[in-house]
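What follows is a pair of complexes built around subunit A, which joins subunit B in one and subunit C in the other.
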Partner chain A sequence: MAEKLLEIKNLQTHFKSDRGVVKAVDDVTITVNKGETVGVVGESGCGKSVTSLSVMRLLKDTPGKIVGGTIEFEGKDLAHLSEKEMRLIRGNDIAMIFQEPMTSLNPVYKIGRQIEEAVMLHLKYDKKQAREHAIKMLKLVGIPRAEEIVDEFPYQLSGGMRQRVMIAMAMACNPKLLIADEPTTALDVTIQAQILDLMRNLSKERGTSIMMITHDLGVVAEMCDRVVVMYAGKVVEEADVFTIFENPKHPYTEGLLNSVPKLGQKIKRLESIPGNVPTPGNMPQGCKFAPRCGKVMDICTKQDPELKMIDKDHTCRCWLYQESGVLEV
Partner chain B sequence: MLRYFLNRLIGIIPILFFVSIFIFLFVHMIPGDPARLVAGQDASLADVKAVERELGLDKPLTTQYVHFVTNIIQGDLGVSLKTKRPVFDEIAKRFMPTFWLTVWSMGWAVIFGLLIGVISATKRNKWQDYVGMFGAVSGISLPSFWLGLMLIQLFSVNLGWLPTGGLDSWKSYILPSITLGAGVAAVIARFSRSSLMDVLKEDYIRTGRAKGLKENKVVWGHALKNSMIPVVTMTGLQFGFLLGGSIVIETVFSWPGLGRLLIDSVAFRDYPVIQAEMLLFALEFILINLIVDLLYGVLNPQIRYD
Partner chain C sequence: METPLVEVKNLKKYFPKKKGLLGGNKSYVKAVDDVSFTIRKGETLGLVGESGCGKSTTGRMLMKLLDPTEGQILFEGQDITGLSDNQIRTIRKEFQMVFQDPYASLNPRMKVGEIIEEPLIVHGYPKEKRQERVLHLLEVVGLSAYHADRYPHEFSGGQRQRVGIARALAVNPKLIIADEPVSALDVSIQSQILNLLKDLQEEFELTYLFIAHDLSVVEHISDRVGVMYLGKIVELTDKETLYKEPLHPYTKALLSAVPIPNPRLKRERILLKGDIPSPSNPPSGCTFHTRCPFATEECSKKVPKLKEIAKGHFVSCHLY
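Our next item is the complex of A and B:
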C-alpha cells in the first residue's frame, strides 16, 4: 500500500455571494500518494481550481471559505492550520504553479530575486547562496544562459520560459507536493510537451508528488498515475489512468473521452456532451449531471447518488452503480 | 538614459519660449494701469504719462515683449515696479520658505497618505478602511483656510505650543504644512488605495502568497511598487501646485512665500514680478514632469528611455 501524502476528505468550499451561497467544492475526496501524479479533470467551473486553492489556503481575497472536511498533509490538517503554520508549508512542502505564466511573475522584479525570495525564506540561505541556488534551478529547468537570465525581468522572456521559471521557483525548496493548475493551457502545443516532460522528469528525480489540475485529457494520459474526475463541485469518478481511459463508468467521464479524437480512428463528427455545466445558482435537483446525461433515470433527477466503490481502486458517483452491492467509500 | 535626459532638458527651451508669450499677453490683459498705481492716486495725467515712459509701458506690446525676452536670456528678470528692487531678489527671498513648506507638506502627506491607502486597501470594507476613507474624504473636502484657523485656535491660541504664523523657527512649519498636506495626503490615500486594490487581484500576488511570504511582505514588497505609477503621477502634480505657493495658506499663516508675493504683485500690477513668477511655475512643472517620467522607469523596468 502506497504511503499517503495528501488526503482531502469531504472538502467543502463555499463562496458567499449576493445571491446566496455557491457550493464551488461540495464533498471532494482526493488522495495523493508519495511520488504519485494525480490528475484532477473536469470542465471549467467544476471546482478543480478552488480545490487546489483550498489545499494551499489561498482563498484570501476571495469570498470563498472552507466550511467542511479535512485536508490531511503529513499528519496535519491544512484546513484548520493557522495562517502562520500554513506559511511554513506554502512554497516549502507544497508549491504551486499556475495557468498564466505571463502574469504569474511580478513584472517589476528580476527573475533571480523572485526565486531567491522563497529560498531565503524556507531554506534559510543567505543572499549569495540563494542566488547560486536560483541559477542552479534555472539550469535544472532547462533555461539557457541562466547566469544572465537571473538578472532579467519577466517581460524579457517568452511564455514557455516564464513557465519554466515558475517551475524553477516552485521546485526551488524541493517540495513534497507540487500543485499544477493547468500549467500548460496557455502555452503552444510544442512548448506544452516540453513543459510536461520537464515536470515528469523533475518529479521522478526528486520523488515529488504532483496534483495536476487540467481539463486536457491528453495531459492526463501523458502524466498521471491516477485520475479524479470532477463535475459541479463533486468527484464523480476516480480510478487509475488506464481504467479511466479503457473502462470509464460514469456517463460524464465517457462523454469527456468521446469528445477527444483518437489516433487511427476515423469518425465523421466528434461527439460532445450536450448542454453546459450548470451555473452555481441553478443547480439541478438530484444528480448534477442528470440534465445532460444520456442514461438518465427517474431517480437521477430526485436524489443525489453517493460515491461508491465499484471495483478495486475505482469509485463512481452514479445511480447506475449504486446497487451493485459494493462498499460505500 | 543620459541622452534621453539631455534631450528633455533641451526640449524645455522651446516650451518656455511659448509659455513666455502667453504669460506676457495674459499679464498685459489684466485691467488696470501700473503707471497710475506707481504715480499715486492724486498724480496728474502728465505725471502718469511720465511714469509710463520711465517704465517703458508707452512702447508697443511687441517691443515690450522683445525687451522682456532679451532681458531674460541675459539673466535679467527686470526690476519690481513696486519695490524698485531686482525681481530675482524678490523671488529668491520668497522661494525658499515656499519650497521648504512644500517639502514638509509633501513629506508627511506621502507618508500618511500611503499608510492610510495601504491599510484601507488591505482591510477593505472593514472598519480600518471606513475610518481611513472617512479621513480622506474629510481631508479633500475641508476648506484649508478653515482647517488652518482651527489648528491655530487649538495649538497656538489655546495650548500655546506653536506660533500662529510667520516664519521664525522649524516650529513655524508644523501647522501650515499640516494644513497644506491634509488635502494632498487625502488624495494620495485614495489613489494608492484604488491602485493597490487592483494590483492585489493580480496573479503574481497569488504567486507571492503561494511562496509562503508574509502578507506584509506581499503587500509592501510585491504589490506596492506595482501600484505606484498613478500615485507618483499625482504626487508630482501636487508637488508642482504646492511649489507655486498657496495663497490661502500663506495668507492664513502670514507666510512669506511665493503665493503672497504673487497676489501682492497682481494687486499692484507689478508686471515683471508676475511674469517672472509665472515663468518659474512653468519651469517647476516641466522639471517635475521630467522627474516623474524618470521615476516611471524606476518603477517599471519595461519602460525604457532610448
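Our next item is the complex of A and C:
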C-alpha cells in the first residue's frame, strides 16, 4: 500500500489586484506518495508554478494568498503553518528547484557557501563538516573538479552545471520531497538528458519523492509514475502514467497528447485543440475547457464539473463521466 | 536536375570577438563555419541543433540581414552574395522571415492591419488593393477582419504568430525562413501553427527553411533535415533516413536524448559527456570529438569533410 507523503486537497490560491481576483489555482488536488515521482502538466498559465509556490509557502512577496484547501505533509497542514515553522521544513524536508538556477543561487556567494548554510542550519553540521558535505554533494551531481568549483561563483559555470549545483543544494539535506518546476526547460536536449538521468538516479538511491512540473509530455512519460493534468487553475485528470498516455479520458488530456509531434511517427497532420487558453479575466462559465472542447454538451457551458473518481486511482473533471447535477440557477 | 531555389556554398560567418584586457591576436566566434546545402523548390528543409550551433546566423545570412565572411548564396542559380542593395531589392521580396518571438518582432504601436500592410507598401503593391489584400491575408492565417484594428498586445502568442506569418506572406515570397516559429508556444497552439504552415505551403507553393531545436517538430514538418553542431552541418538527409538510420554519432545522441511521450518505450540512451564547447574556441579536428563516444586519434587531428555516402545522405565523420 502506497504511503502518502504530500496531500494537496482542494487548494485555492488567488491573486488580488485592482482589476479583480485572479484564481490562479482553483481546486487543485494532488497526492504524492513516498518514493514516487508525480508529474504535473499543463500549458503556461494553468497554475503549476503557483501550486508549487503554495506548497513551499513562497507567496509572501506576491499578492497571492492561499484562500482554501489544505496541504498535508507528514501530519502538518502547510497551508496554515507559521513562517517560523515553515522555515524548518523548507530546504530540509521539502526542497525546490527551478527552471532558472539563478532563482535559488545567490550570485554574490561562492557555491560552497550556499550549500553549507543549509546544512549548518538543518543538519547542525559545523563549518568543516558542512564544507566536506558540500564537496560530496557536488561530486554526487557530477560536477568535475568539485574541490575547486566549491570556491567559485555561479556565473563561472555553464547552464547545465548551474542546474547541477542547484540540485546539489536542493538534495544537500536529503529532502523527502523535491519539487522541480520545469527543471530542464531552458536546457539543450543532450544536457536535459544528463539532468533527468541524474534526478532519476538520486531519487531512486535516496527514496526521494518528486513533484515534477513540466509542460513536456516526453519528460513526463520518461520520469513519472503518476500524472496530474491541469487546465485553467484546476486539476482535470489524474491517473498512473500508462493510463494517462494510453487511456486518457478528459478531452483536454486527449487533445494535448494528440497535439505533440512524436519522433518517428509518420503523420501528415497533427490534431490540434482549437482556440486559446482562457485568460484570467475571461474565464468561461461552467467547464473551463468547454469553448475548445469537441465533445461539449449543454450542461458544460453552464455548470462546472467536479473532479470525480471514474476508475480505481483515476480521476477526471468532465461531464462526460458524471451525472449532471441539478442546475442551480 | 532542376535548379534548386537556394544553394549555399561554403558559407562562413566569423564574428570578431571583443578583445580581452591583454589585447593580443584577433579572435573570432565561428558562428557558421563552412556550411553548404541546397533547398529545392517546394520542399521544407529543417535545420536542427542545440543552442548556439549557428542556425539563426545561417538564416540571417540567407535573409541578407548579415553579410557572410566567406562563401556564396545562390538564389535560383544567381549569386546574390555580392549584389548591391539596389540590385537585391527585387530579389529580397522573395525571402521572408518568421521569428520565434512574435511579440518582439511586431511593432507594438502599430495596428495588426498596418503591420501586415507594411511590406505591401515597401514593395509597391497598388494602394487601392492593399486593404483587400490585408483582409485576405488575415483570413488565410485563420484570423478575421475584426483583428485588423487591434494591437499586438491584445493577441495571444499563437495569434501573434499568425500575424507574423500573414506579414511574411504579404508579398508572395518564394522562400520563408522560419526561425523557431513554434518554440515559444504551448503544445496545443504549436500544432495549430504547424498545421497552418503546412496548409499554406501547399496552397501557395512555398519553400521553407525551418529552423528549430526541437527534433520532433523538425522531423514532423521537414522533408529533409540538416543537423548542425558548432557551426557545421554534420549530417543531412531526408527525414526518414535521418530518423531510421542516423549515421553521425552526434545525430544518434541527439535523437536518443529526445524524451518521447510513450511511457512503455525504454530506449538505449547515448549520454554525451560534458557541455557544448564554445564556438570561439572550437576543438581541433572534428569539433565533436571531445564528446564523441567513438572518437579515435584521427578525429582530434583532421577535420572531416561532409561526404555524400549514399544518394542524398551527407555525413561529416571519419567513421564513414
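Going forward, the second predicted complex is superposed on the first by the 317 of 329 C-alpha atoms of A that agree within 3 Å, B and C clash if a C-alpha of one lies under 4 Å from a C-alpha of the other, contacts with A are read in each partner's own complex, and residues count from 1 in each chain.
Rule of thumb we're sticking to: a residue touches a chain if its C-beta (ideal position, glycine included) is under 8 Å from a C-beta of that chain, and two chains touch if they have at least 3 such contacts.
These numbers were taken from a predicted model, which means no experiment stands behind them.
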### Query
Will subunit C clash with subunit B on subunit A after the two structures are superposed, or do they fit?
fit
#### Entry: From subunit A, separation angle of subunit B and subunit C (C-alpha centres, steps of 10 degrees)
80
#### Entry: Greater residue coverage of subunit A in the superposed arrangement, subunit B or subunit C
C
### Task
Return first, second, both or neither, reflecting whether A:193 touches subunit B, subunit C, both chains, or no partner chain.
second
### Task
Classify the contacts of A:256 with the two partner chains as first (subunit B alone), second (subunit C alone), both, or neither.
second
### Message
Looking at A:60, would you say it contacts subunit B, subunit C, both, or neither? Reply first, second, both or neither.
### Response
first
### Message
So in the superposed three-chain picture, is A:108 touching just subunit B, just subunit C, both, or none of them (first/second/both/neither)?
### Response
first
### Query
In the superposed arrangement, does A:124 touch subunit B (first), subunit C (second), both or neither?
neither
### Partner chain in contact with A:221 - subunit B first, subunit C second, else both or neither
second
### Task
Please indicate which partner A:88 is in contact with in the superposed arrangement: first for subunit B, second for subunit C, both, or neither.
first
### Query
What is the contact status of A:166 with respect to subunit B (first) and subunit C (second): first, second, both, or neither?
first
### Message
After the superposition on A, what does A:19 contact: first (subunit B), second (subunit C), both or neither?
### Response
neither
### Query
After the two structures are laid over each other on chain A, how near do the C-alpha atoms of subunit B and subunit C get, in Å?
6
### Summary
Counting only contacts in the complex, subunit A reaches subunit B at residues 56, 58, 60-61, 83, 87-92, 95-96, 98, 100, 103-109, 114, 117-118, 121-122, 153, 155, 166, 169
### Parts of subunit C lying in touch with subunit A, wherever the complex brings them together
50-51, 156, 158-159, 186-192, 194-195, 198, 213, 215-217, 219-221, 240, 243-244, 253-265, 269, 271-272, 275-276
### Task
Flag every residue of subunit A that touches subunit C in the complex, lowest number first.
43-44, 158, 160-161, 188-194, 196-197, 215-222, 224, 241-242, 245, 255-264, 266-274, 276-277, 279
### Query
In their complex, what parts of subunit B are in touch with subunit A?
200-204, 206-215, 222, 225-226, 299-302
